[in-house]
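Both complexes below contain chain A, partnered by chain B and then by chain C.
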Partner chain A sequence: MDRLTRRETIAIGAGGLTAAGLIGQPAHAAIPVANVPMPKQPIEAGATLRVIRPTKFVDPDETIWNENTAKFTKATGVPVRTDFVGWEDIRAQVAVAARTGAGPDIVAGWANDPHLYEDKILDMTELAEYLGKKYGGWGALPLVYGRKHGTNKWLSIPMGCGGGALVYRKSWVNQAGYDKPPNDMDKFLDLCRKLHKNNHPVGWALGNSQGDGNGTATWLLWAFGAYQVDDAGKVAINSRETLAALKYSAEFYKTMIPGTLSWLDPSNNKAFIAEEISMTSNGVSIYFVLKNDPKTAAIAADTEHARLPGAKGTDYPEAANTLNAMAFKHTKYPNAAKEYLRFMMEAEQYDPWLTKCLGYWAHPLLAFDQSDCWKIDPKILPYRDAQKMTHWDGYKGPISSAAAAATAEYVLVQMVASAASGQSTPADAAKEAERRLARIYRKA
Partner chain B sequence: MSDIAADNTPVVESEGPQLLSWDSRARRIVTVYIPLVCFLIILLFPFYWMGVTTFKPNSELLNYKDNNPFWIRNPTFANINKLLFETDYPRWLVTTMGVAIGSTILSLLSSVLAAYAIQRLRFRGSDYVGLAIYAAYLVPPSILFIPLAQVVYQFGLFDTPFALILTYPTFLVPFCTWLLIGYFKSIPYELEECALIDGASRLQILRRITLPLAVPGLISAGIFAFTLSWNEFIYALAFISSTENKTVPVAILTELVQGDVYHWGSLMAGALLGSLPVAIFYMFFVEYYVSSLTGAVKE
Partner chain C sequence: MDATTWVAKRTKPNWLARLFDYKPFLIALCLAPALGLLLVFLTYPLGLGIYLAFTDTEIGGNGSWVGLENFIALADDPIFINSIWNTMFYTFTATVGKFVLGLWLALLLNQHIPFKSVLRAIILLPYIVPTVLSAIAFWWIYDPQFSIISYVLVDQLHILDHYIDFLGTPWAARWSLIVANIWRGIPFVAITLLAGLQTISPSLYEAALLDGASPWQQFRHITSPLLMPILAIVMTFSVLFTFTDFQLVYAITRGGPLNATHLMATLAFQRGIPGAQLGEGAAIAVAMIPFLIFATLFSYYALGRRKWQQGSSDE
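Let's turn to the complex of A and B:
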């Protein structure tokens, strides 16, 4: 294949970008930007790219993404094809791509994916440092998911964090004697008991659900200071803190609507919209489904969001789903791949995408705190800070295949569910989880 | 001649089936009709649920307090409209049909030849070969999809329907072969011996004698292969990444599940429309299917 020299490529790339009006312009007006030189990533001649990412949250997620991609093609001449894959299904495609060296050049996948395939993906350090310097630095969570554990090497470019804040009915919480849900866990339990007494039970998923079920378990554990493994990756689940969390979960479960043991990801959405529950934790999807349907607009007006209780200062016990983009080494066009990711993360493209996603994704780069996205509707503000969460999948050990396996096997949520429902004592549930985690981490 | 026939009393036949002396209507209700009704409810309820959900508006779907979950107050075509006109569903349906038919034909062809060879040529070790082919059926597809992906990629078939048409026989051929071995076994060998004496070749015997007698078995294997190909998920997910090349089971999930928001109405409409071809296929050939499983050709 004929390859252009670096100088020629820069000239062509710059020409294309200028022609498209993409350089020499300030970034989106509201976003503070530092003057940082762009990384030198001359695009290879004849480059084409193939991207896969999870399917849209809301229609603009896909529409604006595709518009930005078309802008990139227009500016650089690099055709890019994006395919959207089901949320639960993207991992199988990533595994195939990684093992076979076939398929997409770029995967905007889930948080821990790059850590599972770190020997098969491109180093993103230069690009990540450029973006961090230009846009006010990375949030705490993208720093964890983007970099190899314990190093400054970037494996991926985190593109968005989907928060799982508290979603509640304001009038019912007020009726229970609280202005808003308290941060203190005991007071929060008191609120849940009062809501239950008023026939407005709460509902948290305790079934084998990837997002909400695991989110319930990690929230309860982290709120009490428990964790599955220590810094070195040694199993540490059978602890005093875990027992406290499990005892709490047994009391908490009594305030829930029946059936939460079998709840999957859509269950709490349905129950909240049907006014069967007064409070749950979720992404912003419940609110927008309510808001967009005239028949449920009144419920939307009474719906509020807040941080999950149990925070200690800025140490929030929340998990956030992170869209984490990586480029495979098998790509023939590594520079084009990196350039595409840079282009998509620049404010001119990123801010419209973020804004139109209505809070489904929160920005990983802190300068976007100023985005118009967070001024549209004050009710979605709790989702703005998803990137500031301080706990991750497999906390507080390295992100590894073992951590991913523990999540995939629902070890924590099954432990919480069995203790909450009384199927096991807290001590037995913790012991069983310890046994399972020890097996998973030993195998890895 | 019996006494009854001798006195020329006209025999009046009742319209319904004759009850035996130990039988009674109450006994029949308990032993036949109630189990039958239970069986029908269990069998048909998923289809009923799919149908009801397809035509329900979201407001009824999400609120069981004020609405009967088993009935529709205000039926709507919005879910079908969304499925057919806002997604590529018709195209996915055509792709799925093509993949299912292609892999079924390929599997039947291979299975007929394999089963005939194992059952009739009786070469040394043929029993073990038959056993080995069936053992291959026990390997779960979730273990095979990554090695198969490498093969698919080497052949340059990645992200094309041929990736599925050629990989589905890996799990279809073993079962179809095993099923056809059993069916060929039920066809009298003497028929073939006569043909051999008349000078027919093995292929002629297969084409003119064995296959016409084995039609129920072929249909049974065909239905099995078609249904499995139609519903297959893991290979379709792993080997196809373009939206337009996806098959129905994978595509409707991608398109109609957005995060934790499930478009249940359209999902059920997709499932209902997707199950129709298989149901129609069964409807036409169910007698052959049953006869092949019970053994139709007797010596």
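Let's turn to the complex of A and C:
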């Protein structure tokens, strides 16, 4: 669908308008906007753009993206081709593009990708500051993933944040004597024990799973104040806080359904939907699968979301992903690339995308807290705040290739899994993780 | 000029025709497409991989020559050492399994049984299905919550009282993967060995029958020596495929639980692409080459001894 005829473009635009009309007013009406002059980015003559981004979560993710892109082409005359790439293939494709200096001009990749290509991508400071000023500022998480560690230099434009909130069955939590899952870690463990006793075990991925597995490990560590490296990138995992987290994991693991050591990313979705588990953490996908299938509507009605426990004030121990867009220096049309990103982030385009994607990608710019997206279904409100998360991949060190390697090697997940399952003592597990991290960070 | 004195006027061939008549040129021209393909798609990537193994290249950076540093660092990395053992164990066990079962199946299919050709086609199915699809099927079969095996044993037959954790402990996971690999590899072995069996002349068996040879003696003295050449080739290929297996492990366990099922190929990918350490990933991949050469030479020379193939004994 990358090459649209003029007729199709108009038809899609009209469809978009009708859809917006259904909720009574233009979708972006509620977004508060400051009056800020646009950055001067005159589009080069004859510009064309090629964009790579991850495949869709839900259909509107792709269709609205393509509609917005078609609008850009109509407004500027710049043809844009978007390729939707499998989630795990993005890094390999981007690596090739960066090495050869050919291929896509813009890549909307994962959170830490731009930090790996720092020397090869365009400075986004002017555009990011314009967007920040216009739309109420960037959230805490995009501030981390968008800027070079410890500076004000923007490497990328964060486009959306995917949170990993608590997903739970309200009736079973109530049955265990709790109104909602408590924030206190000890009380939370008590709830899990009671759920387990009532034959409704909880389930968190502890296998080599990129999203959920790493998310389980970092949540438990961050909730106890542990971190893998300090802010200078020195390994700091073998700490009192880590040991406390690992001891907690061992108790927590006893309340889980058997088999979580081999769980990959889809496993908790499957188990929750099959009513095998009462609670897990995940993106909004579980809820939407339940809600959209009439057979599971009753489960959806009983499903609630909340922040993961262990928060200290506004310091949330939850891992969230970020769709992070960068433009390569090798592009022949740097201004067109930046203009395209600006266009896609402006409320007229961004709000329909956000709203139709039903919260899969939470907005990085705080003004969109007011979006109609978050008024449709109060149950998805916890996902609204994904951009307010305060921890990142490789916390609290710089986001570097070493941090990416530690995540890809599952160092933290495996430490938590081995201590939780009793395959090694917390002290041994922490020591092993320290050894592996020291190896990974040796060059940094 | 009358008809008897007419001589065909020979036109001198033009330069193009002469060029194409020139043998060395023709040879070069005919070889060029094949050589070009090999160079671009085989030699260059292999050469680049070997070069990267001696650099500290990361994704997004250019890296510099570091000599043997990657290999020295890998030598005291327990996860890498572990992956070598896993790969060898996986290759050895799966190959033995595939050959025992594959040969057995080939012998059965070589008998006169009804629906022979239909059966032979069905046997090939596991090999035809794309690996990733069969890997996903096995991933469901081994799922801790939704395994069909557990369901039958626990909920239907009531033999067990709990679901089997196929992938949660190291040895269970290793064996589960080996079973999946054997299942996938049997057809290739069985069909090629069947082809080999059918080249053996029936007159040899008739002669053996007249001499009063038992079925075992027939197998030992006719089938196995005459099958040996094709067995050696199939074995070589099978070892190569198994040693470099990636998809089954990557789709089912991602090398888990706790790296217990990492093969060299999966570890190389994990370090190289998601882990961004291209140089180190390449070094692991390059470390597979000596093993592969050894395995190839072993199965080729040890099993393919010429004299033995021709029926006489070794000197």
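In the analysis below, the second predicted complex is superposed on the first by the 415 of 444 C-alpha atoms of A that agree within 3 Å, B and C clash if a C-alpha of one lies under 4 Å from a C-alpha of the other, contacts with A are read in each partner's own complex, and residues count from 1 in each chain.
In this section, a residue touches a chain if its C-beta (ideal position, glycine included) is under 8 Å from a C-beta of that chain, and two chains touch if they have at least 3 such contacts.
This one's a predicted model, so the numbers in the text were calculated from it and none came from an experiment.
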Touching partner for A:D83 - first (chain B), second (chain C), both, neither: first
Partner chain(s) touched by A:D302 [first = chain B, second = chain C, both, neither]: neither
Contacts of A:G259 with chain B and chain C, given as first, second, both or neither: second
Which superposed partner A:V289 touches (first chain B, second chain C, both, neither): first
First, second, both or neither for A:D190, with chain B first and chain C second: neither
First (chain B), second (chain C), both or neither touched by A:T100: first
Partner chain(s) touched by A:A92 [first = chain B, second = chain C, both, neither]: both
First, second, both or neither for A:S418, with chain B first and chain C second: second
Which superposed partner A:E241 touches (first chain B, second chain C, both, neither): neither
Contact residues of chain A, present in both the chain B and the chain C interface: 88, 92, 95, 270, 274, 276
Sites on chain A touched by chain C in the complex: 88, 91-92, 94-95, 98, 116-120, 207-210, 257-264, 267, 270-271, 274, 276, 401, 404-405, 407-410, 414, 417-418, 423, 436, 439, 443
Interface residues, chain B side, partner chain A - complex: 58-59, 62-65, 145-146, 149-150, 152-153, 158-159, 234, 237-239, 241-243, 250, 253-255, 257-262
In the complex, chain C residues that touch chain A: 56, 58-61, 73, 77, 79, 139, 142-146, 162-163, 165-169, 173, 253-259, 270-271, 273-278
Residues of chain A that touch chain B when the two form their complex: 50, 52, 55-58, 81, 83-89, 92-93, 95-96, 99-104, 162, 211-212, 265-266, 269-270, 273-276, 282-283, 285, 289, 293, 295-296, 360
